[in-house]
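Structures incoming, each one as structure tokens.
The two complexes that follow have chain A in common; it is paired with chain B in the first and with chain C in the second.
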Partner chain A sequence: MPQTIVAVGAGQAAAVAARTLRRRGFDGRIILVGDEALPPYQRPPLSKEYLTGEQEGGDLVVLGENWCAEHDVDLRLGVAAERIDTAARSVHLADGTRIRADKVLLATGAAPRRLPGVNGERTVYLRNLDDAARLRARLRPGAKLVIIGAGFIGSEVASAARAQGVDVVVLEQGETPLSRVIGSDIGAVCARIMRDAGVKLYTGEAVTAVDETASGIVVRTGGGLRVEGDALVVAVGAHPNTELAAASGLAVDNGVLVDEYCRTDVEGIYAVGDVANQHHPLFGRLLRVEHFDNASKQAMTAAKNMLGKLTAHTDPHWFWSDQFDLNLQHCGHSTDWDRIVVRGSVEDLDFTAFYLERGVVRAAFAIERGAEITAAKELVAASASPDPASLSDESVDLDSLLLNGTTQGTAIDGREPAMEG
Partner chain B sequence: MDYYRVARSGQVPDEMVRRFFVNGIELAVARWDGEVHITSNYCTHLDCLLSSGKATEDGLLCSCHGSVFDFLSGEPISPPATEPITVYPAKEEDGEIWVGMTPAEIAATPQRRRDAEPA
Partner chain C sequence: MAEWVKVADLAEVTRRRKVAVDLGGERIALFNVAGRVYAFADSCVHRQRSLSKGTVLGDRVICPGHQWAFELETGQAVDRPECQPTYRVKIENGGIWVLPRGARAPALPAPAGEKSPAGV
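Now for the complex of A and B:
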């Protein structure tokens, strides 16, 4: 049994790991090192409820100082970790402190991708509570907001801004919002939702120049658009914070490489959340996932493995997005589906779309149908190949398709999905 | 505390969750391993209806944002929820489900929910 477990990074994943360790009876030291001054807090509301004022900063805390005191969890906040001495098994902090650790959890997260030279007062890259507070202060009725990128963050910010009477322009390089994840056919539905809410959405527009002056910003695109605004949000993806892992000699490739047990290539060191590029048995490939549920699940997995209960993370990924008064959900992973089967009504914004590869359900996306995504997750986990006519038939219970209509649950690369050990 | 009739036992099959109103209070009534569990129907995260969710081995799953609540304590064991849901005493007699409520609980204004839950 380890004596000291140190988490590098004090966000959602570290918080869930600490809770899991204590719930499972670990009574050694737990230390969370975070470079932000705040205790662990949830980030999903930063692009949603926090921006609209429905939630305040204090509502977001997931591991409060009281809980930490009661459960003897040591928060070292406002100080960055610099590297892990893997031989001496100690974590070196920027203030010179060294912490001995039997096990280390790397949960350093990701950082917004930046546009070169675009970092003025009126520009927000949304990641932290500070960023969200700066943006929130700009969301006043009649203000003009320009958003670069119509992914989930860009779309949610557009929704929150419109809800407060802000004039919103969204510039998206792709054919539709979210096209990389859900394809352009279903992405077109999201474009319609945005435009119906009064967002001026321009797709197929690559940004070529951003100028910020004392009075505003001007964005120019390859298609010849010139858009003025009071503020700019750049939401063009994120990259994993791998500097510490690389400085410590861990294997890094688009994130810290880990196996299905969230183990890095150095014994006793685990990586989870946005920074982890995990071999996922169900999909037979490396996947780095920047979503809340994945961070939580991987953290639980790593915590169990640290305590000697060998556990694989094989869950199909799942996430939600609340925007324009609609609940969007997605599960699984597919980049080369050959068929999309729709259940429900796209017109009425009440449907689930199933993404099939050679008949196997690999992913699903739903608007206002969270319960069906719960069922879809099980279909994805089982690599089920239900009859497409049954998938789209609303009188057929999705859960029944797990039992009938499944050809066997072999992963696409031929490996059996690993089970909890 | 008094017990009030909720439903016939057969209305809540194993591994299912259903919505009922008793004394104006909206309840999620779930069954797992044969046991009936009764809680408030509002998720403490963003007030989604738990009856739209699912009974699972770990507890009651909210289908909006994935929080899971322990059946017995109401504690969130999986985020994003951080606050527990109200758990009411439940019993089954002669093929009927009963819920225990105090006068104070009944007198309290029913919690209003937002309109953000899935259909």
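Now for the complex of A and C:
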């Protein structure tokens, strides 16, 4: 008897799951339920190419109507799911419909954290296409934009705004941008990049008040700053959309709890993407990340598991940020590094920084060194402990360190073997 | 008859493993992997980053821009529908020769004097 798989959420993760299911020969019903009235689309360009006008909404679509028609994927858009009746195996929608499901994929994503009372017409919390469209309309040369938060979204918005001649003020609570993810030493580089691009960046500043009038916004900080602007972007993180899971009795804690197979504590129900807090075997802990690549990878993993092919998601995490004409990439996960080893030149904005915990490479951050991040991902995946001197020595091929795996000590000779024949 | 173009010396590709060359105004990335040479359009189909600044992992080329992986043999992107353009390669007289796109290639087996495509 043909099965029915229902995805709650119609974003990147749900789209990749649908594609993976069909590619792997699943011929039952696939239904995606999304509360936005739009087919699945990519969000990363909303803070980059869409804001600068390089791309339009239509360019962002991941699963179009034609594809869905050809592959028999049913999109129920503009309607929220409210609850899963786990006993009856049905998904209850806000319009009263109930969909019987053999398996359910929870991919409800995350929503921006809001500052209490800060929600005027000039304020944007950037998550979806509507938000990006509202923001884009305000990006005109000479307009004044205030951004609260110098994380990846805040930085990318600052970059897109500067590219269009907007005056940008960024207020960051931490010592440097991104200090939580990459530390203050490397974060200081990101501060320099922003300021070199003409952004007025204030760090160590917590916002205490936001006032909006007909003519603009005024933001006040704990350090005594008073900043005026035409528009405000609040980019202070996101929280997972777990309401539906909680209402359905699933285990929830900083997201929907899942094992390395993306399985929740209810048989037949999986969770993936921004909403999923997954036990990650490589790092030995629960991890919830809001990276685009993770949404895709977990979705593929869950789809395979739904079809009976037991697959664990053990990839080191990876994400990118294109900002201020620079390509930034990060892989792995570390909150407790005890050593940072730099390869290349921080001064020249051309380097890879490796984050070690007791000698083991746990994460890496690179500017304009994507190829080294490819190698770094392998080092992280192998829990490698290479000689730090070899990590920073540019004459040593990073790939050669992988062969040496978990041993401390000297790296093998970095010369290429002669070609055969 | 197809016109093969010599784009690099075998010695250079042997030494450097990844080489970017010019083919009639287009950048081509040559990869030497375990003695076989592959040719790709250098500009990634995704966001036009340079593949020759990327890396080879197993049987795939990884673009440095956003880690898109392309199968060496076919240019097919892994787990996505896109395909990176590839070129036929031959090694002859100490040189790496590439067949430009749009040129009608002879059907296999290759004419006498040519080695097999992409082999040493």
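The rule is simple: the second predicted complex is superposed on the first by the 404 of 421 C-alpha atoms of A that agree within 3 Å, B and C clash if a C-alpha of one lies under 4 Å from a C-alpha of the other, contacts with A are read in each partner's own complex, and residues count from 1 in each chain.
One rule holds for everything that comes next: a contact is a pair of C-beta atoms (placed from the backbone, for glycine too) under 8 Å apart; a residue touches a chain by one contact, two chains touch by 3 or more.
Just so it is clear, the model here is predicted, and its values are computed rather than measured.
*Asks:* Taking the superposition as given, does A:62 touch the first partner, chain B, the second, chain C, both, or neither?
*Replies:* The answer is first: A:62 touches chain B but not chain C.
*Asks:* With both complexes overlaid on chain A, does A:370 touch chain B (first), chain C (second), both or neither?
*Replies:* both
*Asks:* State whether A:12 touches chain B only (first), chain C only (second), both chains, or neither.
*Replies:* first
*Asks:* Just to be sure I read the superposition right, which of the two partners does A:350 touch: chain B = first, chain C = second, or both, or neither?
*Replies:* first
*Asks:* With the two structures laid over each other on chain A, which partner does A:42 touch: chain B (first), chain C (second), both, or neither?
*Replies:* first
*Asks:* Taking the superposition on A as described, I'd like to know which of chain B and chain C A:378 touches: first, second, both or neither.
*Replies:* So A:378 only meets chain C here.
*Asks:* Contacts for A:325 in the overlay, against chain B (first) and chain C (second): which applies, first, second, both or neither?
*Replies:* In the superposition, A:325 touches chain B alone.
*Asks:* Starting from the residues of chain A touching chain B, keep only those that also touch chain C in the other complex, and list them.
*Replies:* Shared contact residues on chain A (touching chain B in one complex, chain C in the other): 293, 296, 318, 320, 322, 327, 369-371, 373-374.
*Asks:* For the complex, give me every residue of chain A touching chain C.
*Replies:* That would be residues 293, 296, 300, 318, 320, 322, 327, 329, 369-371, 373-375, 377-378, 399, 416, 418-421 of chain A.
*Asks:* Write out the stretch or stretches of chain A touching chain B in their complex.
*Replies:* 12, 16, 23, 42, 44, 49, 61-62, 292-293, 296, 318, 320, 322, 325, 327, 350, 368-371, 373-374
*Asks:* Help me check something: in the complex, which residues belonging to chain C touch chain A?
*Replies:* Of all residues in chain C, those touching chain A are 14-15, 17, 32, 34-35, 47, 49, 53-55, 57, 62-67, 79, 120.
*Asks:* Spell out the residues on chain B that touch chain A in their complex, using ranges where they run on.
*Replies:* Per the touch definition, chain B meets chain A at residues 46, 48, 52-54, 61, 63-66, 77-80, 82, 115-119.
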